[in-house]
Amino acid sequence: MTDARALPPPAAESRLAAVRRWWGDHALAQAVGLAAVTVVLAVLTANVVASMRRLGMSPNFDYLAQPANFDISESLIVYRAGDPYARAILVGLLNTLKLAVCGCALATVLGVTLGLLRAAGNPLLARLVATYVEVVRNTPLVLQLFFWIALTRMAPPVRQALEPLPFAYLSVRGVYLPWITVEGGAIWPVAAFLLLVALLVHEIHKRLGRPLSATEWLVAAAAAILVPAGWVWADGVRLSADLPTLRGFNIVGGISLTPEFAAMLVGLAVYYAANIAEIVRSGLQSVTRGQWEAGRALGLHRARILQLVVLPQAMRVITPLMTSTWLDLTKDTTLGVLIGFTEVTAVIKTSANNTGNAVETILVLVVVFLSISLPVSAAINAYNRMLARRGVVTS
Amino acid sequence: MTILLEDARLAPPKAERWRAAAADLFSSPVNAVVTVVVAGLIAAALWRFARWAVVDAAWSGGAETCRQRSGACWPFVASNAQLMVFGVYPQDLLWRPAVSLALMAGVIAASMIPRLWSATLALAWGLVPAAVCILLSGTFFGRPVSTNEWGGLPLTLLVWMIAFAGAFVVAIPLALARRSNMGGLRTAAIIVIELVRGVPMLVALYVSRFIVPMTAPGLEINLFVSVETALILFVASYLAEIVRAGLQALPRGQTEAANALGLGYWRTTQLILLPQALRAVIPALVNLGIGVLLSTPLVAVIGMTDFLSAVREAASHEQDWPGCYTTAYFVAGLVFFSICFIASRYSRWLERRLRAAGHG
Amino acid sequence: MTKQTPIRRAAGVALAIAALAGGFGAATSAEAGPTVDQIKQRGVINVGVGTQAGFFAPDANGKWQGFFIDFGRALAVTVFNDPDKVQFTNTSPQQRLPALQAGQFDVLLSGVTETILRAFKLNFNFGPVVFYDGQGILVKKSLGVTKGSDLDGATIGVQSGTTGELNIADFFKKSGKTYKPVVIEDTNAFSQALLSGRADALTQDSSDLALRRAAFPNPDDYVLLPERLSKEPLAPAIRWGDDQWLQIVNWTVYATIQAEEWGITSENVDSFLKSDDPAIKRFLGVDPSLGEAIGLDPKFAYNIVKKVGNYGEIFERNLGKSTKIGFDRGLNRLWTQGGLLYSPPFR
């Protein structure tokens, strides 16, 4: 079946012929079949619209501009009850992204650590990690999330919050940490400058082909400290510590992590770390023993072999699997709805409930997730095709 | 027999392996410290668990005993077993879900014995869910019981079985279409697979609950049917990719040899390619099966009383059984774990067996 | 080669499954039209409920019990003369309204508050109010809070998809104070939020909060503030555009109220059959003219009272002083006793 595709195209082929070749055998049957499917889909869509009419509704997205009169537990941007639904959905979407990004990072760190611990050579430790992987991968994620949220509920009440470090609190309301507030000016030029310095150091390092000398490091460090300090002084930026303190009913100030977010984050990280540990293991196993031996024959240390020989090859197996795991994790952020983390699904369901636009709101949800997952999926496929072209793996 | 010999040749004797492992435990100072710390952690965790599950647990009596003991509340499990296992199925007809459970367990167990793999077994995968549906609904005989009242473990297994068996029927044509040289067909298959894989299962379930019923005005689409439709499509989109991988892994010589024998596309696919491709991806299939089973609790979100939600329902009788959540969740977790652990061990055993037999 | 191959068998299986799915569809198919016809064809009423012991909860044997459940059974008696021809499905507050729209239920008896937006925008019809409620606030006693406005800056648990979620936002806007919402969908998790200290207070229909408090391990540590933030008339909700079904829902509820007004209970209803009062004769179907005129079983009210009970019985059995819950009738008394329950005349 692959034969036709594998054949090199004839030298001078007209565009029409190329399309015909792409379209392949049974041209008419295909066209009729696809047309039939399209017609069925159109009928079903028309039916949905008709059903809505019968219930006195008409499909529209006007509700996005109407005020949403409910509050949301946590938000990255300013949101108050009465803002439009579109903004409420944006709040939910940002929460989803926040959870997805933090979750992927934590799961990866944890998973890689576990994968390496398992390969570290202590049988008992390897057994413990293996048991962890077994337990986590063989129980429903939903159940695990119930467990984690129940665990956060066992933390001490806010008035008896634990203070493991000065001004860091842990209570049933979440984790509170000190933060720095910036007033009276902009801080982003400092960040931009630091990034520039880092890039410059990297570039110089590459050009020189040797590590930087102590003096050169000193210059870079001085620039990285003095210039921002000068900017802060000149721009009138005031930095102040924002310390969490118990005031009234709650701990206020600082930055906080709600228990619902923490439970989702830990739950997803623990679950997907087990997957990632397995991916790392299978990636390392995909590199033949001969590679290790060849490295040793060249007189390289174990760590250098891992870094220079094994990992680059293992990454070919790991990268697509890891990416699709991240995608799965992102999709599973929707489970937040089960334990009270207000992500995009929760907001959209509440919107559907208050506006009656259930069909439209669910369509918004579908579009949101497709616009995240289709590009990632396309990237994975492209990567696999690239490897296949290079003959690394059979695709 | 040859397989046993292979295994014996590959692995050193058990005693030797133990000795080697024991030596590794204390091979360096760092390793020794790690071993002691890990052993301590394991012992502490086991002890805490034993106290909860055995020493401090209430074993007999009623809610009063549970209130006094700090550990697990086993009498709660005993007195709520019916609700947890069978959900809200009518009490006088419990033999139906019980027989259903036995039927489905039987087919699943039979499927784990490679000697029994046959067309008949494939047929059983289609017929048993159908029989269970007839049995639970009471169609053709006895009192009808609506799908809304199905629940508990039989429902979980049924949802899983139909989704998985049905997915095969959809996934194989999808996989073949995606590998076909017909551009239109291939594009259609890619669109279906990528669109369905692109949304979370929860969103797919919302679509099945709130939009699918509206696609056929006048026809009242049962929640169970629309959920299964969504799940079949959802699982099929993952399954199709697994089947495709299996097909891709086959050497091109297979097709060429079949063509040389004068077999057409369908005969080649049916007799040569699919059997080999499916055999090669069995471990991936088992993993997908486990994944789907572990995702079935999500159907609770749209109002089906699956096993986990029946357990939660039982646990919500808080005024009678204070703090029974932990025990209830533990039982639910244990049931899921037992099923999936056996399945994953089985998958690993099968993988070794197939590789040893030269099919991998 | 002539032997049947797995593929062909698999195709057979596929057909079997398709036929099965088709069979389910066909078994429940009905002409587009009145809900009543669909219900009759189906042989059972689909009712969406919540879970909250007292209002609606399956007992240890999986049989649904509760105040709203009994109204579902009363509806089944009106349509089928059989209190068991009804099936209850648990649905979260956030899902129930779209699910009703999508046709999953014939009626919602999950304690839905009747509001103008739900009537016009979501296109629902509401039957008579079966429970007059108001939004309350449940707080931990040790906080020393006596009214809602004391909760400035507090963390308050709200259940998503309820009017409570909207009312509390209004309440704090109006008073110019602030609060931190903890939005929770799951019914059980909602109670846990207060018990664990995640929230300082919960806000919800006060009856719901009282039921929760009763289920707490230490109910005396919590207090339901006397203040009511809103009116919460809980009524059966049905889809728009089906007047006949609406009438059945209406008059089923009225029958329970009227029966209580006349003192007719499930126990003494048979003795009323001998009553000389023409109104009671019409009501119980001794005089069948009324039932014939409206196209219902003339004895439907008799059957409801006999098989389910009157409003007072339903209330007492599930929520009243004789139960653990011990609710006062409050506004849910008959109009003759200073309450709001009032049935239009059965004639």
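For reference, chains read A, B and C in written order, and residue numbers begin at 1 within each chain.
We adopt the following convention: contacts are C-beta pairs under 8 Å (C-beta built on N, C-alpha and C of every residue); 3 or more make two chains touch, one makes a residue touch a chain.
These numbers come from a predicted model, not from an experiment.
Participant: Have a look at A-C versus B-C and report the one with more C-beta pairs in contact.
Facilitator: B-C
Participant: What chain is the most remote from chain A, judged by the mean position of CA atoms in each chain?
Facilitator: C
Participant: Need the central chain here, defined by C-alpha centroid distance to the all-chain C-alpha centroid.
Facilitator: It is chain B that sits nearest the middle.
Participant: Would you kindly tell me how far, in whole Å, the mean C-alpha position of chain B lies from that of chain A?
Facilitator: Here the centre of chain B sits 26 Å away from the centre of chain A.
Participant: Taking each chain's centre as its mean C-alpha position, how far apart are chain B and chain C in Å?
Facilitator: Here chain B and chain C have centroids separated by 36 Å.
Participant: Starting from the mean Cα coordinates of chain A and chain C, work out the distance between those two points in Å.
Facilitator: For chain A versus chain C, the centre distance works out to 41 Å.
Participant: Check each residue of chain C and list the ones that touch at least two other chains.
Facilitator: 32, 95, 98, 101-102 - these are the residues of chain C that touch more than one other chain.
Participant: What are the residues of chain A that contact at least two other chains?
Facilitator: 54, 150, 337-338, 349, 352, 358
Participant: Which parts of chain B, given as residue numbers and ranges, touch two or more other chains?
Facilitator: Correct list: 210-211, 213-214, 216-217, 301.
Participant: Considering only the defined contacts, which chain C positions touch chain A in the complex?
Facilitator: By the definition above, chain C touches chain A via 32, 93-95, 97-98, 101-102, 117, 121-123, 143, 151-155, 158, 160-161, 165-166, 168-170, 173, 179-186, 189, 192-193, 195-198, 200, 239-241.
Participant: Touching residues of chain A toward chain B in the complex: what are they?
Facilitator: 1-5, 19, 22-26, 30-31, 33-34, 37, 44, 47-48, 50-52, 54, 121-125, 128, 134-135, 137-143, 146-147, 150, 331-332, 334-335, 337-338, 345, 349, 352, 358-359, 362, 365-366, 369-370, 373-374, 377, 394-395
Participant: Given the complex with chain C, which residues does chain A contribute to the contact?
Facilitator: Answer in residue numbers: 54-57, 69-73, 81-82, 149-150, 152-155, 157-158, 171-173, 247-250, 252, 259-260, 337-340, 342, 346, 349-350, 352-356, 358.
Participant: Residues of chain C touching chain B in their complex?
Facilitator: These residues of chain C touch chain B: 4-14, 16-17, 20-21, 23-25, 27-33, 38, 42-44, 46, 48, 51, 53, 57-58, 60-64, 87-91, 95, 98-99, 101-104, 187-188, 191, 214-217, 324.
Participant: Which residues of chain B touch chain A once you look at their complex with the stated criterion?
Facilitator: 21, 24-25, 27, 31, 34-35, 38-39, 41-42, 179-186, 188, 194-195, 197-203, 206-207, 210-211, 213-217, 248-249, 252, 255, 265, 290, 294-298, 301, 308, 325-326, 329, 332-333, 336-337, 340-341, 344
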